[in-house]
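Two complexes, one shared chain (chain A), two partners (chain B, chain C).
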Partner chain A sequence: MATDLRVLRPGKPAPRGIGRSLLLTLPIVVWSLLMFFHPGGTTDRLSLIAASMTALLMIALFFMMMRTRSTYRWRRVFFVTLGLLFPVGFIHTVIAMRGTMGIPIEEMIAGRTPFCFMPIPLLILPAAFTKSLVFPGSILPAGGMSGGGMAAMVALWLCITLVMGRGWCSYACFFGGIEEGVASVPARAKIRKTDPRWRFGPWAVLLAMVLLSLALFEPAYCMWLCPFKAVSEYVAARNTVGLLQNAIFVLLFGGLVIVLPFLTKKRTQCAWFCPFGAFQSIFNKTSIFNVKIDKERCRPCVLCQTACPTMSLTKESIAQGETLMSCTRCGACVDACPRNAVVWHIKGTGAAAKPERARLMFLYAAWAMAVMFGGSIIAQGLATLLHFVI
Partner chain B sequence: MKLRATLGYTAAGATVLAALLTPFLLYGMFSKTFASLGLHVDEVYSGGPKVRTVQEGAYSIDIHRPVYPHMLQSEKPFVQLDWRPATALPEHVSDMVDVNGTGQPDLRVSFDVPRDPKAPLRVNVEALNPRYESMRNAGKEKYSRLIVRVDDAIVVRVPIAKP
Partner chain C sequence: MAASLIFGEALALGLASGPACIAACGPVLVPSMLVERRGVGVSVRYISAFLGARLLGYLLFAVAAWELGMLASMLRAPKTLLIGVVYVLLAAVLLAYAYSARHACVQKCSDSKLVNIGETKNRGVAGAAVLGFLTGLNLCPPFVAAGIRAAELGSLTAALLFFTAFFLGTSIWFAPFAGLSCVARNEAVVTVARMAMALIALWYLALGIAMLMGRKGYGY
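Let's look at the complex of A and B:
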């Protein structure tokens, strides 16, 4: 097995031994047991089966990351699973609770609109000026679909962002997996060249939405532009404006999450549109982990640039030995480099100082968050499917 | 250089520790901190704080503080009135409501209360005070002009004509 892997990935270090890989996976085994089977957790049989399957998946994927020393393809399995199962669990819960994916105005007035992370940057300015949160949810749990309330989601976002910066977009976002899954379907990209200026799109959308949300005192992105309303929930269409809003959601979802990722093999919504992604990029500056390019080893073959799903590498950034600030820490570039010139890195240390140590430290932190947050969503989606099947 | 590397590894270790502490400490801590910031959900959604309650036999009417939209918000100013409990309401409600607390009725509000809690509601509001707008057969068109059932209350929002 070890020889086979070496043959498949020339220039890459040999795979770890099974024993050492198991040892390195042990902390994640303990963590998964803690997260999925803690005292006071669910006792429902199907939920326990779903939790066991999820724990096994997360442990197996981490083991493979340790064994093969590659990150991207195993993370992608988790991320696509998350992207596919989030709508299953969420839509089932929404329909079971209120009979429709449309949010009735009664639920908004009652503060029971589920709060996802997308509006977080839109809330900051109105809250700073008026102490008002421009979202029809509740700060603390209010029953129904309010979940843990806005405080819970903001706290989770803050914890994960402190740990990973924009790694959020590769280990926590329950929407990104859908387009990553679509992008992985075709063997080759039909569209290979795109205008690099599109990468400023998320910043433009962020700026426009932040200002609009302040002016209109409503979460403008959620009201008008979020493509993922098509697979979660949306404002119940009571009039022509509502119909128009829903048509925009469906068109954006179809274009940015299905068609363009299929044609480009890139996460086009994340790279060209998502304002939350742009916001998260700021926190890449505060995150201690990043990806560096060893300029001495690098022969600019641009395989890393081709592999990057969010277009966070350019010839200029490669020449400077860095990724762009939109890097989501997915590991695709590191795995793609045949000369091991692209490496995981801890800020403050040398460019090529023990990259595997940096990778391990990042992965322990990121996978702990992935098990805790994404894992619980996967388990919920699986439990929903099991309820239908069994 | 060595100092920078040491600081880097220390920060990386602290980050791993933060990840491990998230479900046991940090999540709860950040959540409580956010909840204690004194922020509130925008009153266009929540209806503003309740200022008075008027008892009307078996049920009561909660009167909220008037809500004035911010900047370019596409809603009119409004006042929210809650009839509760909905289970104690008669089949047809017609109440004179003193919104301002001046002792004089400002609005005559009338609506039917269907037994089916999911049935659509319609309200007629006659403004006895020019500060408020009348509504005829209003449903749930806008946040500032509606009648809806929220849990065990029937919520009516009446637009304010002259803030």
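Let's look at the complex of A and C:
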């Protein structure tokens, strides 16, 4: 097995021993058990089966990350599963609770809209100017349909984000998983060259939506541009403008999440459009983790640039030895480099610092979040499927 | 005495309504300022032109509304029609602005040298004036509040004085926008501003067309 892996990935270090890999996986085993089987949790038989399957999946994937020393392909299994199962669990819940995927105005006035992290940057200016939140949900726990309440969700997001930076977009965002799944379908990209200026798109959408949210006193992105409304909940259209809004959601989802990822093999929605991703990029500055490129080892073969799903590497950034600000810490570039020139890094440590140690520290934080946040969503989706099947 | 009372009241109303004014004008003003050249002088000139034209829009609307006797009791249909026309015009100007800024003098992000130096013609005053005039005609909530109060005054002169003082009160809130002159003008900033302008223009266009068709502006 070890020999096979070496043959498949020339230049990569040998895989870890099974015993050592198991030992490194142990903290995630304990964390998964705590998250999925904590006292006071569900006692429903099918939900327990779903939780067990999810815990096994998360532990197995982390074990493989430890064993093979590669990150991207194992993370992708989790991420795509998350992206596929999120709509299953979510749509089932909204239909069970409200009877429709459409949000009627009555639900919004009652503050029963489930909270999503996407409008967080849109809440800041209206809150600063008026001390009010423009999102129609409840701040208090159990007030919204997601049950957590906005205050808890924002606090949780902030803590994670300060540590992980835009790692959120590769280990927690259930929307990104859908397009990563689509991008992984074709063997080769049909479109290989795109205008590099499109990478400024997320910042433009962020600027426009922040300004419009303040002007309209509503989360403009959720009302007009969120492609994922197509697979979560849409505007209960009662007039032409409502129909137009829904048409925009479906068109953007089809274009940015299905067609373009299929043609480019990239996460185009994340790279070119998502305002939350742009906002999250700012926190790459606060995160202690980053990805570095050893300029002495690097022969500019641009395999890392080709592998990057969010187009966060350019020839210029490679020459400077770093990724762009939009890096989502997915690990694709590190795994793709045949000379081990692209490495995980902890800011403030020297070039001689062991990259595998930095990778482990990042992965413990990222996977703990993935188990807690994404794991619960996967378990919910699985439980929904099991309820239908059994 | 009466004039100073009116002036004071309008100024206070303007000061109180300022945040709503910058919220209403922000989507137009911020990206269009970001494609202009850097420098406090440029920004101050730009904001002055914007505000001057906005005042002109205010006063013209006030005079027209006063003469037609409909300032306070404007019917829903013509009001929607007027906002629809203003939105479509704003969209057209913003799109033209975004297109014309393609030759902005910018610095490429990855390069320390100036690149892509095109015609650095001064769009500032004309562009700012058109945008300011159109936002002045836009019936934003503070403007309506001032309009209703002005309609209660005895004469057109008093109403105009009221609007001018109201405008001065709101204008103070625009001063921080001059801080945008500190933002670096490189390829990233100019491209982001152009794209944002196009996006905001599309929003105005969609809503404007819906209003011209007599549809409700919101989806619920």
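The rule is short, and it goes like this: the second predicted complex is superposed on the first by the 384 of 390 C-alpha atoms of A that agree within 3 Å, B and C clash if a C-alpha of one lies under 4 Å from a C-alpha of the other, contacts with A are read in each partner's own complex, and residues count from 1 in each chain.
As a convention for this text, a contact is a pair of C-beta atoms (placed from the backbone, for glycine too) under 8 Å apart; a residue touches a chain by one contact, two chains touch by 3 or more.
Source: prediction; values computed, not measured.
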Check your understanding: A:G83 contacts which: chain B (first), chain C (second), both, neither?
Key -> neither
Exercise for review: Figure out whether A:G375 sits in contact with chain B (first) or chain C (second), or with both, or with neither.
Suggested key: neither
Practice item. Would you sort A:P121 into first (chain B), second (chain C), both or neither based on which partner it touches? Key: neither
Review point. Touching A:G167 in the superposition: chain B (first), chain C (second), both, neither?
Key: neither
Exercise for review: Considering only the touch criterion stated at the top, classify A:G137 as touching first (chain B), second (chain C), both, or neither.
Suggested key: first
Check your understanding: Thinking of the overlay built on chain A, is A:R238 touched by chain B (first), by chain C (second), by both, or by neither?
Key -> both
Practice item. Using the superposition on chain A described above, determine whether A:G176 touches chain B (first), chain C (second), both, or neither. Key: neither
Check your understanding: Looking at the overlay, what does A:A204 touch: chain B (first), chain C (second), both, or neither?
Key -> second
Practice item. For A:A110, decide between first (touching chain B), second (touching chain C), both and neither. Key: first
Revision key, fill the gap. Of chain B and chain C, the partner touching more residues of chain A is B
Review point. Can you list the residues of chain A that touch chain B in one structure and chain C in the other?
Key: 105, 108, 130, 214-215, 217, 238-239
**Study point:** chain B contact footprint on chain A (complex, rising order)
**Key:** 31, 35, 105-106, 108-111, 126-127, 130-140, 148-152, 154-156, 158-160, 162-163, 214-218, 238-239, 287-289, 346-350, 353, 358, 361-362, 364-366, 368-369, 372
**Study point:** Partner chain C, residues of chain A touching it in the complex
**Key:** 104-105, 108, 129-130, 197, 200-201, 203-205, 207-208, 211-212, 214-215, 217, 220, 223-224, 235-242, 244-245, 314, 316-317, 320
Review point. Tell me, which parts of chain B touch chain A in their complex?
Key: 1, 4-5, 7-9, 11-13, 15-16, 18-20, 22-23, 26-35, 38-47, 69-74, 140-141, 143, 146, 148-151, 155
Study note, to complete from the structure: In the complex, chain C touches chain A at residues 19, 23-24, 26-27, 30-31, 110, 187-188, 191-196, 198-200, 203, 206-207, 210, 213, 215-220
